[in-house]
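So that you can tell them apart, the chains are marked A, B, C and D in the order they are listed, and the count of residues begins at 1 in each.
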């Protein structure tokens, strides 16, 4: 367990050397290790899903899984250019079903519900409510008018579009800040897992320094680029 | 939710309006795709930015890097393919090397085939089929993170003068945009979701916001299907605006939530 | 570049790797020496807790983890606090993973963080909570689960049958009392599309900062009923429930990281007005002009 | 037989039929097709999992090409294939809940996945520091909104200046939210239109038909 913990810290800091912007073998090693493990994990999970549904279902006598497995195997023919046409049927089938169930509900969640939530009584709930709801409606309308393509933007449309564009940049400021909070929270949480329990702290600091120095040394000597992938 | 305005026997309650809206897209879409006359589409500023970027790379003698996203066949990726075709043609005409990283998801190998065809076709159309080099369109990986690493590797190694990152990119977009800024490339990106749009607007020299990318793709291709798509989208945008305005007016002037009930689910 | 650069020029065109190094140091330092800065609780987090409080003992909650390990790092405080609430109040959970990496999280959460807590409240596997594993890989699976639960789910994550557990009570999405979704946003739209929309099941979300705009939109449209925002929301929930955890510890670094960015923005502006604008540099690598 | 698979009409028919199976039961009250539609949805979710084999194959092919041609970093590709095969082998032999397999997941995937996203904090940081400059009215709006929300998000500020909360909540919950809403409303039609193009047989490149015509 101890070794695993130390290894985690080491491989994480190796990958952080990406920030320096130059190739080095530590980073390449970490990257390839991750790629190998990540891909292997996807394989295992795909298999588990197939087993828990199709294999167990078949054992219980559910015949519907037989075509599922046949279609799945047909999918593999995509990799032989000569027979890749065989894979078209499972692709058409999964794409078709997927298209069906995604648009059937997206029209409600993304279109109808959103328009409906914009149409609300403005008065009678205080000035703050009136202000916020008006801002939402005006914001949606003016921003959308900025994104119309089949008409020339001029006259009143020009006013609306310009206002919408400014409004959008105001929104971008807020959204950017929120995104930064998220990424920072992730980074802080990650570092926390290497700093607590407290016994990890000396190891973490030592490994961070070690990787940092190694990275600089590799860069200065020119070995970094040479040995990286 | 407001109570329903109407119900149609045989249709699940509250779902008829969604069904009609979807059918509306189908009807309008097929109608516009069958028309022979090409509709008017505004030339979005992104197109000039793309030509400027390619021109800059050519002047500097550096390659152009153009990617079309890492997902399967989505709305953004298909638009990006049109843009890629034009970038490839311009590059072929001006003898600028073009790099196209491909892959990035389990379905990335499917889109790659089409991308290779498009670039190959563009070189052939420019009369330089022998200049086309498939090694400049590497399949980086089927996994997102190593696709990103490979992409960054290309940026650092080949130091392109322009990076045109269109199509559906997600969290890796920020990574690529900042790295491309570090190597001094003029960066054009496209945002496909809200937080990604805000971040990329800050990080890149030019950004195609929301559906400016499909609009640019349609304008460049002058393909009736893509143009029809933009037309139908515009109709629905105007319709949604009208619904909001009319709904708000009726509700707040008369107290009757007509549109709200029409759209109730 | 000239040999000697003025301070203003440096403020406009510093090497950003120095900023990276500073951010690294400022995040690690307060963990070595915690400062314990005070924090406040937002209305959003109070409403989220209010939603959890509508549940009664024995209610069944679909506990969806549509997050990879990285998202967990951000959502951890909120996940721990929310699960503590469930454990304390005897709510039944069935955990569905929406991402393969979720497997590693089961151990990370239940073994490393909540083991003692669960023992205190006698919260046991099979009786109070069941892990279904990678049960929500895509919308199709979610739809299948929502319309025919018993037909589409037969075993738990280790392949043991779920017959005879509290899950027997579930036929469709209508039998689920609440959905709690720990998500990175890109996770699984199927929950809203196929359960909330169809069965009007209440759903609360613990969302990462990146995907918050979309969640605000759904909150306003009534598609979700509560929202816990990023690490900050988690730490506020800890404070509200008087259950201190990793969130409150993180807040020092969180504050410093934000202030550092603000300082760099100020420096950049001084540099811009003092140097870039006068030299009318053409391109500075951003659309915001 | 191969004409059947190759035929555009057959594939298009399958596409349309499965689209209808996915689409129609949600709207029409025909209980008889519910069960059938659910079964097929289950089947589709399993079929989708089979694509992983293609991803693996592409990875092997690319790595082997690197090794064969002794390209830069070919040694890493050997390492990649060995580690990947070993982990898959361990997973299949002892199961994905075994200690050995979990150890690999916890030691490699957990830290690396966190770095890949955590590193974006730095990129956001430098992009923000570069872009948030009061160059114009647009940029000043961005800067103002950004600074207010950033200040609010730093938990310490809220404790000392509680008055900042309504402004920040207004910017994220109202201004930012209306951007998301506009985005959602505008983008949905494009997605449906793509489906229209596919279902009417005008956009079949995803089935590989574009390639076919070249051959």
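The criterion applied here is as follows: a residue touches a chain if its C-beta (ideal position, glycine included) is under 8 Å from a C-beta of that chain, and two chains touch if they have at least 3 such contacts.
Treat the numbers as computed from the prediction; the structure is a model and nothing was measured.
Top contact pair of chains, counted by C-beta pairs, is A-D. Ranking every chain by how far its Cα centroid lies from the centroid of chain C, the top place goes to B.
Chain D has its Cα centroid 6 Å from the Cα centroid of chain A. A separation of 15 Å divides the Cα centre of chain B from that of chain D. The distance from the centre of chain A to the centre of chain C, with each centre set as the mean of the Cα atoms, comes to 14 Å. Shared interface positions of chain C, defined as residues touching 2 or more other chains, are 16, 20, 70-71, 73, 101, 103, 137, 140, 143, 152, 197, 210-214, 217, 220-222, 232, 254, 257-258, 261, 285-288.
Across the assembly, chain B contributes residues 1, 15, 18, 22, 109-110, 141-143, 145, 171, 181-182, 193-195, 197, 199, 201-203, 210-211, 233, 237, 240, 265 that each touch 2 or more other chains. Residue positions of chain A with contacts to 2 or more other chains are 18-19, 21, 32, 34-35, 38-39, 41-42, 44-45, 48-49, 53, 78, 97-98, 101-109, 111, 113-118, 136, 140, 144, 147, 168-169, 171-173, 175-176, 178-181, 183-184, 186-187, 190, 193, 229.
In terms of inter-chain touching, the protein chains here all touch one another pairwise.
Only residues 16, 19-20, 23, 37-40, 42-44, 68-71, 73, 101, 103-104, 107-108, 137-138, 140-141, 143-144, 147-148, 151-152, 157-158, 212-214, 216-217, 220-221, 232, 235, 251, 254-255, 257-262, 264-265, 267-269, 272-273, 284-289 of chain C touch chain D when the two sit together in their complex.
Contact residues of chain D toward chain B in the complex are 26-29, 51-52, 54-56, 58-59, 62, 112-113, 116-117, 119-120, 123-124, 126-128, 130-132, 142, 176, 179-180, 183, 185-194, 196-197, 200, 202-203, 205-206, 208, 210-211, 214. Residues of chain D touching chain C in their complex: 34-35, 38, 41-42, 44-45, 48-49, 96-97, 102, 105-106, 109-110, 113-118, 121-122, 125-136, 138-139, 142-143, 146-147, 150-151, 153-160, 162, 165, 169, 172-173, 176-177, 179-181, 184. The part of chain B that touches chain D in the complex is made up of residues 10-12, 15-16, 18-19, 22, 25-26, 29-30, 33, 72-75, 78, 103, 106-107, 109-110, 113-114, 117, 139, 141-143, 145, 148, 171, 174-175, 177-178, 181, 193-194, 197, 199, 201-203, 210-211, 214, 225, 228-229, 232-233, 236-237, 240. If you check the complex, the residues on chain B that touch chain A are 1-2, 15, 17-18, 21-22, 39-42, 44, 109-110, 141-143, 145-146, 149, 152-153, 156, 179, 182, 194-195, 197-199, 201-202, 209-212, 215, 230-231, 233-234, 237-238, 240-241, 243-245, 247-248, 251-252, 255, 257, 259-260, 263-265.
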